[in-house]
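Report on one structure; see the data block that follows.
Each chain carries a letter (A, B, C, D, E, F, G, H, I and J) given by its place in the written order, and its residues are counted from 1.
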Amino acid sequence: MLFHVQMTVRLPHDMPPAKADELKAREKAMSQELQRAGRWRHLWRIAGRYANVSVFDVSGPAELHELLSQLPLFPYMDIEVQALCRHASSVHEDDR
Amino acid sequence: MLFHVQMTVRLPHDMPPAKADELKAREKAMSQELQRAGRWRHLWRIAGRYANVSVFDVSGPAELHELLSQLPLFPYMDIEVQALCRHASSVHEDDR
Amino acid sequence: MLFHVQMTVRLPHDMPPAKADELKAREKAMSQELQRAGRWRHLWRIAGRYANVSVFDVSGPAELHELLSQLPLFPYMDIEVQALCRHASSVHEDDR
Amino acid sequence: MLFHVQMTVRLPHDMPPAKADELKAREKAMSQELQRAGRWRHLWRIAGRYANVSVFDVSGPAELHELLSQLPLFPYMDIEVQALCRHASSVHEDDR
Amino acid sequence: MLFHVQMTVRLPHDMPPAKADELKAREKAMSQELQRAGRWRHLWRIAGRYANVSVFDVSGPAELHELLSQLPLFPYMDIEVQALCRHASSVHEDDR
Amino acid sequence: MLFHVQMTVRLPHDMPPAKADELKAREKAMSQELQRAGRWRHLWRIAGRYANVSVFDVSGPAELHELLSQLPLFPYMDIEVQALCRHASSVHEDDR
Amino acid sequence: MLFHVQMTVRLPHDMPPAKADELKAREKAMSQELQRAGRWRHLWRIAGRYANVSVFDVSGPAELHELLSQLPLFPYMDIEVQALCRHASSVHEDDR
Amino acid sequence: MLFHVQMTVRLPHDMPPAKADELKAREKAMSQELQRAGRWRHLWRIAGRYANVSVFDVSGPAELHELLSQLPLFPYMDIEVQALCRHASSVHEDDR
Amino acid sequence: MLFHVQMTVRLPHDMPPAKADELKAREKAMSQELQRAGRWRHLWRIAGRYANVSVFDVSGPAELHELLSQLPLFPYMDIEVQALCRHASSVHEDDR
Amino acid sequence: MLFHVQMTVRLPHDMPPAKADELKAREKAMSQELQRAGRWRHLWRIAGRYANVSVFDVSGPAELHELLSQLPLFPYMDIEVQALCRHASSVHEDDR
């Protein structure tokens, strides 16, 4: 099932650049692994902001929380979650 | 290019049901036409609310406004727009 | 799986009392049916407000939306949804 | 009587991990003690956030404040309280 | 126990003056009855607004809701409730 | 005349405990002195939060500001002020 | 003593123009009477909005409420009140 | 022409007292110089808060910005600006 | 001098279409007249909303208010005004 | 195509002045380069605030994000983006 997630990153200004780089590299690797596994179905940058809009395809809230809370940038993100479902006007039979 | 659009519908409580049904039928037809044409790339229902999350693929803000302002429910919707672009961590070369 | 739902009812002041009573009676009947079926697990009044806090136990966002959107008072409610999961500090093995 | 409590934890980013771990361990122990005593009736994680939704069963606002203010994470939490009561549509005679 | 209640009245502009007067007269009578009974301990006007700040002394959220929801102006008020308790710096032994 | 004041305390997390204790002790002493003098007429804790609701009885805004700005915790508090007056439905002749 | 008052007028769109004109004429007359009496010390239009910023010089919250609640447009205004006092950096001995 | 300016001061808690005192002294001196020159026409303290309401009389937005941005406390203030003009109901011919 | 104005139009849903059309036609005519006169320097549509972003070049707040309050849609618009000035990093000598 | 961008700068109070000066100098240089290239079409200071209103003319959200995220002050700015298009009432054929 699908969850719409908007993440805004707020890194502390006094974080050493090396630590920030390492966090971002691990975040990117984990994100791409989840994308390839089909769990992180969409990932878009919001133009002009250090933020993204994502759609996750998971087995439920428990898996969603497990994935999000393990992201390296999780302690530094404001996260808003909305549960999605197929729209009655969609031209697709499934939730694409 | 992509725009993230969240629409919340607020029909006046005194709208005659027949008018509401007619507006919704025309909205659905136009929505499906735009989906088939590839302009309205994603359409999801937000669970528990008379609202949707959509992603449009258009040539720019002018086309986006033209499409949205012609929707039959446009006068009754609160609409929030965010411009999207490819995320540097996306596993896709394009903006999927 | 569990969803936390807060509903605030805003009936139009010019709704005829008979219609309001009929809506509320049907809302109560459907609510109790869903409670008995185990779908509407908790239902509490928020003291001092025409509003409730509820916990639904459903198969996913699609079923949640189906249940909520069929409530007789749905067109007159502001609804906020939060997906819940078991807390790591819970003394229960399940999501009670 | 019941109080609905939503807690959002905001640990300072410069808190030493050992101190954070110790605070969390003590928070968990006290939470489980209160759950077993029937004071902290429900405890759920909000998916995707370092936050929980809880229902407390206490003798009144004074006991609620005493319990919450003694939690090890209290200084680092945003807490919202809503007083609950039995809903007239509940299928239970009590406030379950 | 004490609850702090802020009520803001929003009468529809098209309510007939006679109905408004009748509602206000009944509201005043019920308010004074509750004040004399010691349930509505304090009642102050907020200067410049059709609103009041009140302190109720009741047996719990259930009684608070029963009292507030029976007020004639209840359908026309925005109500905010905060549970109060004795402050550790109070010079009184009780919750005055 | 009366002013309704809501104070929320936000101590910096890195304040040395000894300094915090000293500030709180001086705050308590000054608060009790003002209560005994009849200037700080009511003082209640808001359950679950490091915050209070107070009613001051002073000669005007100037005295109110003088009292509040001299509180030891003043630099660490968010303060909201509302001017109160006797409510026309009060059963008291004065502003109790 | 001084109170800073910001008033925003929201006339119902279906108010007959004659009634609106009559209300505005009475509002203007009462406003000018209060200005001449020194109670309504300042009155400025906020550019681009049907709103004003005012400073009242009254004997206290009770008189302020009496003046504001008698204004013909009172039922149609959002009003925000802030108590003012002399600023320590003012070059005037009084509260000008 | 007139601009209504509300300034809220938020000094960092770790600013050395000597620096804070020096900033405040320079702020006061510049404020009084501008008051005497007629540019800073009104200056009032908001009771209970480290904030003021001011009215500036300047030649336009450029001069307003020049004055405000040179204030010693400018980097520590939240500033809200509203352009004012003579109100049609004012008893004065000018913008007093 | 320049003022940044954002206007959001909220026509009542029960306004007769003929009246709405007439208001819009007059609004357009007046807008174009002001654009040609150089007073309404910029006018852009915000994509997806019945709203615009405008920049006015006027002699001060008084003229700005006079222009805006005479617009036929003024009673139906939420208007936010910000005073602008030349930016120190602008490549232009004037405020273009 | 055009995007309306409002940037509010929030430099940490403990940033060394030399670093702040260097960031601002590089920001100014990059801003002027983009203005001369026609990408940063308008740049205005908001009077009284460390903030600006800008209009960018870019090929789409991707270029907009690339430009904004490379600004030296980007990590210290709150940025709000609105997509613009030609207004039907504009006297210009293009989006000026």
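By our rule, a residue touches a chain if its C-beta (ideal position, glycine included) is under 8 Å from a C-beta of that chain, and two chains touch if they have at least 3 such contacts.
Just so we're on the same page, UniProt names per chain: A, B, C, D, E, F, G, H, I, J = Muconolactone Delta-isomerase.
Since the structure is predicted, the reported quantities are computational estimates derived from the model, not experimental observations.
> For chain D and chain J, which third chains touch each of them?
Per touch definition, common to chain D and chain J: A.
> Would you kindly state whether over half or under half of the residue numbers at the chain B/chain C interface are used by both copies, giving same or different?
different
> Where does the B-J interface recur among F-G, E-F or B-C, taking recurrence as more than half of the contact pairs being identical by residue number?
F-G
> How many angstrom lie between the centres of chain D and chain E, each centre taken as the mean Cα position?
28
> Centroid of chain G to centroid of chain J, CA atoms only: how many Å?
Chain centroid spacing, chain G to chain J, equals 39 Å.
> Which parts of chain A, given as residue numbers and ranges, touch two or more other chains?
Expected reply: 2-3, 45, 47-48, 61-62, 64-65, 81-86.
> Report the residues of chain F in contact with chain E in the complex, numbered from low to high.
Listed in rising order, the residues of chain F that touch chain E are 2, 4, 27-28, 31-32, 35-36, 42-48, 52-53, 55, 82-91, 95-96.
> For the complex, which residues does chain I have touching chain G?
For chain I paired with chain G, touching residues are 3, 5, 12, 15, 61-62, 64-65, 68-69, 75-76, 79, 81.
> Chain A touches which residues of chain C in the complex?
Touching chain A: residues 1-3, 60-62, 64-65, 81-86 of chain C.
> Across the complex, what residues on chain A touch chain J?
My answer: residues 11, 13-14, 45, 47-50.
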